[in-house]
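Naming follows writing order (A, B and C), and every chain is counted from residue 1.
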Amino acid sequence: MNKSLRSKIAIAASLVLSAGLVATGLPSAQAAGLQPTAAQLSAWKGKTISYYFYNDSQAELDTTKSQIAAFEKLTGATVKLDVIPFTNYDPTLQARLAAGNAPDVARLNNPGLYINDSLDLEKYLGRKYKTEFLKGSTLQVTHPTTKKLIGVPYDLTVNGPFINVEMFKEAGVAVPTSWNWTELIAAGKKVQKATGSEYAFAIDKTGHRVSTVMSHFGAYMVDKNKRNVLRSSKFRAEKAVKMITDLYVADLAPRDLWIGTGTKYSSPTAIFLGQQTPIFFSGNWQVASLAKDAKFEFAAVPNPKELNGGGWPGGKFLTAFNTSKTPDLAAYFVYYLADTAQMEEMDKNAFWLPVRVDLVEKGVKYATRSSDMAVFQADAGKTPAAAYGIQSVPTLTALIYNNLRDLMTDVMGGKITVKEAIAKQIVFIDEKLATLKK
Amino acid sequence: MSKLQERASANKWSSMSGKKPPSVGSILRTTFLLVMTFVILAPVIWFVLSSFKDPTDLSARPPKIFPTTWAFSNYTEAFQMYNYMRYFTNSVIVTVVATVLTLLINSMAAYAFAKYNFRGRDGLFVLTLAMIMIPLQVILIPIYLVVSSLGLVNTYWGMIIPAAATPTGVFIIRQYMLTIPDELIEAARIDGAGEFRIFARIVLPLCRPALAVVAIFSILWRWNDFLWPLLIAQKEELYTLPVALALLNGQLVVPYNIVLAMSVMSIIPVLFMFVFMQRQIVQGIAQTGIK
Amino acid sequence: MPYLFVAPNMFIFLTFIIWPAIRGFQISFYDSIDGRTFTPVGAGNYRAIFGDPTVAEVAKNTAIYVIFYVIISTVLSIAFALIVNEQQFAKGFFRAILFLPVMLSPVVVGLIWNDVLDRKVGPLNSLLEALGGGSPGWLIEPKLGMIAVIFVGVWVHLGFYSIILLAGLQGIDRSLLEAAAMDGATRPQIIRTIILPLLKPTTLVILILATIHGFQSFDFIYTLTGGGPFGATTLIVQYIYDRAFQTPIQYGLGSAAGVVLFMIIFAFTALNFLLGKKRQAI
């Protein structure tokens, strides 16, 4: 099979799949929702559950607090909200689990770590419950062996670029409605030259964001059958990674921020806010903080399209733990936070993208920045199905992303070539996948 | 201080050994110390100024010493997001109680190490010193298991008791106690004073300078502690300032300007203590005569 | 009786450090990705440590850091103590300034120097540029990164050591110095032949403390460089921290590295202590 034919098939397949992703689900998804029975209410009265939580924005915290108040009123139970710093979030939770001091419910970004501690939600909320969420989004909260639903997706994140509209205007570069990577980089350089900004481009320092770029070029690391597919898309991956690292090596992107932070995550938000880069590649979660802090006009623009367009999926999850003394209450709390009304409120306030089928169909109406959110929402639909493949190995995703990030650091430092980096990554993925089979 | 004043006081200089006029040596010395002052103060001042900069100023090149517009909003926002007084109070409670406890138990241990001969003394002392060397990070989960089985999670005591036994404190006080003549204690014993009485009435008052030093270090350590309170306090009402500061860093979004403002807010109480107590602090340390 | 005096302190050590540390020692013979489920691996973790090139690199970094940190800290703090001690004008002020960095939390220290050492928007490089010194990548070049980290480490603790030494200087009998001066000894001679030898016990204390501090340096480095550039400032404690907190979490490996680190520092301290005891120094 030649390359172009294969990619055409891939595109066709991904179109079909991503269409399916949005359209499945129940059109009449329990409009009334699940109400607690009288027996449950009397059993729950006076009970306390704890909710292990972290937040990226003040809006997330405020909304959570008000929703908890409403939940307490509805059920007569008390919810203890433990707001935990994200530094050491998982180790602290692990320690609590080890000590038999687990919370009842937690917001998680890495549910793969807790698959055997999580409550089977289907027992309390029914087998159909998972169909209330976008199909691909429940992969990471499906128990790998029992296939039961052990958590719910709480939001959908989509990666994509932001631009500084004022700088684009100043340089006489049109705000793109569709573009490819060559055009993106050319635009960035042109604006940089015209405005005298420090950089042309900046991207979050994570393998997760870089995977978006690889996806555009048709390169993936793991497929939905837990197979290493980087080997077969090696040349495309090299092209994508080289493009990014070249920008950093040439000082067109903030190399200091990437190299100077060791193995830590870092985001060039401050550089974008300081108007030192016209293009900032991140994701929709930035909208809230950019809207608050940017002193200039900015906009989310569509992801560049090479072989593929679209973003790269991510998201956070809600999980109840099986050590809960009131598992039905914990499950109901998860249900409550993830039901249509609460989710819609949270999506609106915190600029989250909906992950519920009914909300996707209906569309969330954001008070401000609705056009930015529409761009991300559209890119969510264009995301190739292959992008969800890596979620089939929930315990390995972070490892694989971090290794890619660290290899790129070495490339930027001239320690290894891009070819060597991808070759090492292929071996790394093989090794990690082999550990699953043990 | 103006140049004139400087020169005026320079005229009064005298070196330790004699009454010579300002020599080349003393000028060199003062220059050296002024350079040192710059190297220490400049970064701190720069940092404080940065906390008043908006993102544009923060990434301006060349960097600006003073903000173009003073972004007090960094602070007002931090206060809005943040129950500063709550965290401040928690920090104070933990710091003060832990320090008192530290002084008591450390000096007791130090007394035994300095003034008694008993089987296993040197072993226990080296073991005490060895405690400094165990990285907390790696025994986090075992520690948590202990703390939680004792019911100390989410309590002030959980943040206070485990941290109160400091090896360095024992070390400093012991070194000082070595200088107290044994005859003093012997004399008290002959007079029939009990061991605790000797310790509390005779030894402790003599150790005041060393106790002051340990008090200061204990205050600094507890005030700046992060990992321990993070582990123990799992509800917001119990957070200390460093833990609360970490709350600002989300998973994906780190509001750098607010982190700066909050960092400055967390060092202000310490700087305050420093400015008003520096004489006592430094002289206290200088008097310990650690040998 | 003495046991009663040591008891409270030892009780806390036993409960909250020694017992968990023994558990940690046990864990070092297992593999665990979450600290809850354990697979026995025998001495596998130790074999992995001694065979792992990353660990060799970390060990090398730690050795470089500790050696330079200890030597520079000791020499500079002796120099500062002597200078401040001789100083008449504004002595208290200089003493106080020296002590300021000791009071800052390690995380804030990291943030401060991150700000100051930035290649492009940091004041140090704009100062150097004005002096025609170019703009070195303090935090992105491995050698400079190590230099920066050693410098900041010394910056933080110098005041602490200097003040302990100042205390030692107060203990020196003045009449001894005056007698030497009367015999016509010059200041450098007095320092070399009288002050420094008498300062030996205090210097030993500094050496012990600095060695321990050196091996333990972590928080400010983690904030400043994250162990970068290219792992050049990843020291042993960060390696342990990463294995316990960052993916890939390997508690057993981290515990084993912790055990090894503990043994190294313990050996150093015991050695220092015994040498000091032999010379009646402490």
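The definition used in the following text is that a contact is a pair of C-beta atoms (placed from the backbone, for glycine too) under 8 Å apart; a residue touches a chain by one contact, two chains touch by 3 or more.
This is a predicted model, so every value here is computed, not measured.
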>> Quick check: more C-beta contact pairs at A-B or at A-C?
In response: A-B
>> Let me check something: if the centre of a chain is the mean of its CA atoms, which chain is farthest from chain C?
In response: A
> Which integer distance in Å separates the CA centroid of chain B from that of chain C?
Replying inline: 16
> Distance from the CA centroid of chain A to that of chain C, rounded to the nearest Å?
Replying inline: 40
> What are the residue numbers in chain C that touch two or more other chains?
Replying inline: 35-36, 120, 244-245
> Of all residues in chain A, which are in touch with two or more distinct other chains?
Replying inline: 88, 91, 94-95, 98, 198
> In chain B, which residues are in touch with two or more of the other chains?
Replying inline: 58-61, 140-141, 145
>> Can you tell me which positions in chain B touch chain C when the two form their complex?
In response: 1, 6, 9-10, 12-18, 25-26, 29-30, 32-33, 36-37, 39-44, 46-47, 50, 58-63, 65, 104-106, 108-109, 111-113, 116, 118, 121, 124, 126-135, 137-143, 145-147, 150, 161-162, 164-165, 168, 170, 175, 178, 195, 199, 220, 223-224, 226, 242, 245, 259-260, 263, 266-267, 270-271, 273-274, 278-279, 281-282, 285-291
> Mind pulling up the chain B residues that touch chain A in the complex?
Replying inline: 54-61, 80-81, 140-141, 144-145, 148-149, 153, 227, 230-231, 234-236, 243, 246-247, 249-257
> Contact residues on chain A for chain B in the complex?
Replying inline: 54-58, 80-89, 91-92, 94-96, 98-101, 109, 198, 204, 265, 267, 269-271, 273-276, 283, 285-286, 288-289, 293, 295
> In their complex, what parts of chain A are in touch with chain C?
Replying inline: 88, 90-91, 94-95, 97-98, 113, 198, 255-256, 259-264, 398-399, 402, 409-410, 413, 415
>> For a test of understanding, state which residues of chain C touch chain A in their complex under the given definition.
In response: 33-36, 118-120, 137, 139-140, 142, 222, 225-231, 233-234, 242, 244-249
